Amino acid sequence: MAKAIEGYWNDLRDTKVWRSVFRSGSGSSTLHRSLAVQQNVFLHLASVKMRRRSLAFSVTWYLGTLTLATFLILTTSGILLMLYYHPSVPQAYADMKDLQFVVSAGVFLRNLHRWSAHAMVFLVFAHMFKVFYRGAYRPPREFNWVIGVILLLLTLFLSYTGYLLPWDQLAFWAITVGSNIMSAVPVMGAKLRFLMLGGNTVNANALLRFYVLHCVILPLVAFLFIAIHFWRIRKDGGLYSGKPEPQKAESNG
Amino acid sequence: MDEPKPFRATIGSDSRKEPLRVAFVTRRTSPQVKADDDLYVMTWPEGIFRALVACEVLALVLVTLSLFWDAPLEGLADPIQTPNPAKAPWYFLGLQELLHYFPPMVAGVLIPTLVVIALVIIPYFNVNIQAEGLWLRDRQKRMRIFGAVMLALIVLLLVFQVYAVLAPTLLIGGAMIYAARQSSHEGRFHRWLFHRPLSFWIMTWFLLTSSLLTAIGTFFRGPGWSWVWPWSE
Amino acid sequence: MKEEKATDQKQDDVTRRESFVKLGLGSLAVAGCGAAVFGYEFLSPNVLYEPSPIANLGKPDRFPPDSVTSDPVAGVYIVHAAEGLYALSAICTHLGCFTAWKPELGIIACPCHGSKFNRLGTKIDGPAPRPLPRLKVWVSDEGDLLVDRSTISTADQFVRT
């Protein structure tokens, strides 16, 4: 039975239509597997081969992968939530109540978004500590570590901007206190706060700015930096697996 | 048939016609190139399948959480009513706890900026790239520097009464002193500690401090940011 | 002779290219600065839909002598001291939380980090860096007490009653 299905599946992969999309046809040779990665616009950011040692769970605990996974869950659940959310005062709070009680699966989506957000912040920190403790930040991977720190800051900023959107007491006062800390920055603190809030207090302008930051600007920037982060892994010689790697010829200093 | 020509090495003056290649072989380098003996596997399916499994486990956990526990939603935002206590999300609670001890300029701007700068320059410190143990060389001199820095830190923390940071500092300091002991009958753990570089100690201190501050801010602070015991409710 | 002219021509060409490159880069720099300034001006709203800082607190005889009245809508405390009426801002000077008047303790307390102030606005306890500011008060033509929450007044300004 399974053989028959496999037969049909391979026949499908050999049709003209399928080959016009996927090029390589049926088969599981090394060539086919290489093409699966190399000729895929999403996957070809990764290399065709990777070190087997880096696949062991104890090496990375898959924390980087999991962080990316939470980011994707957040993007999907976030976009769906956007369909029922108006970023205006006080409509935003009414929409939260709607999502909770009226929208089908609304409470589930909102919960998923919230818990994934907490999980992502936690995973990002865990990933940073794991990379540090196994020494995967050392040359030639220094710059990728810096990209990672930028991604950490982006994650925190994304979480901060998202926190205001429910427009409840928790949100309002957490952001008020946060923006007052911002005004403690010397020289341009007050101006920075004014620009971030679009006004002197946390009100409708602030909600709209945080909404645009949270849903458009920051995700795009994060996406760019994630792409660079993955690209650098490849360019720096693949995932660090713990053993000394072949050195280039040493120069002075 | 002919005698092999005598070999003569010269250095030409025109580097375009006769480019120079110079390799410095130091004491610690073997001129033999290390062969790459790692085993490589195909990303598809080995790597991607494993990543997918990890993502599925994560999705299971998150979906289960979302089905059974609701995210909090308090009353409508009221600019006149400040809730008591007004707490930031958990990843900022460590910072909010620091705000209790230091003015906003220090705890809110200075310390986070210094932390970010410190994180960024970690891999650019050429000092300990081989990750050799802190106490391996110059033991006496390093002990003295360590003593001075620890004393300054402890005094600073005591003056500002930041006990939450003082405790991990003392713990890490104690561990470093223990690691520095040169005794022959210490066990595997001591030997492992002995070989930890300075970057390890600093990062572990940072991990312990931030975890403790966050835990205090989450569980031990009540109305007016006063100290509460979480079990006395 | 011809060679010299050719090299001279080449030199002229090189300097001409340099000047064009400089001109181009300079214009780009000017355009960049212009874009930055316009961007900053765009991000800074010119019109704010926030309530006017001037609030009407009612008739002055609403406030009995030696009392501290909290007006949460306006965000001020109206104190009727011996010298007359004055207004204190109710926003804590630490991180902007809303303080509360505690009549049983005779102090103004902030719920966020435990700052406490007396009825003069002076800080008695807590991490607040500055005392609560006194705000400009005056009586309008219709006899109402008005406060301007954006203007700080000095300690000797009172509305005589």
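Some points to look at:
To keep things simple, chains are lettered A, B and C as they appear, and every chain counts its residues starting from 1.
As a working rule, a residue touches a chain if its C-beta (ideal position, glycine included) is under 8 Å from a C-beta of that chain, and two chains touch if they have at least 3 such contacts.
Everything quoted here is computed from the prediction, not taken from an experiment.
Across the two interfaces under comparison, A-B and A-C, the one joined by more C-beta contacts turns out to be A-B.
Of all chains, the one whose mean C-alpha position sits at the greatest distance from that of subunit A is C.
Annotation: 39 Å between the Cα-based centres of subunit B and subunit C.
If you average the CA atoms of subunit A and of subunit B, the two centres end up 22 Å from each other. In whole angstrom, the spacing between the mean C-alpha positions of subunit A and subunit C is 36. Residues of subunit A in contact with at least two other chains: 173, 177, 180-181, 201. Annotation for subunit B: residues 79, 81-83, 86, 99, 103-104 touch two or more other chains. In subunit C, 95, 97, 112 are the positions where the chain touches two or more neighbouring chains simultaneously.
In the complex of the two chains, the subunit B residues touching subunit C come out as 79-86, 99-100, 103-104, 223-226. Taken together, the subunit A residues at the contact with subunit C in this complex read 173, 176-177, 179-181, 194-195, 198-201, 203-205.
Residues of subunit B touching subunit A in their complex: 23-24, 26, 29, 33-36, 38-48, 50-51, 54-55, 58-59, 62-63, 65-67, 69-79, 81-83, 86-92, 96, 99, 103-105, 108-109, 116, 119-120, 122-124, 129, 131, 199-200, 203, 207.
By the touch criterion stated above, subunit C contacts subunit B in their complex at residues 72-73, 75, 94-95, 97-98, 109-114, 127, 129.
Note for the complex: subunit A touches subunit B at residues 30, 33-34, 36-37, 43, 46-53, 55, 62, 65-66, 69-70, 73, 89-90, 93, 96-97, 100, 107-108, 110-116, 118-119, 121-122, 125, 128-129, 132-133, 135, 137-139, 141-142, 145-146, 149, 153, 156, 159-160, 163, 166-174, 177-178, 180-182, 184-186, 189, 201-202, 241, 243-247, 249-252.
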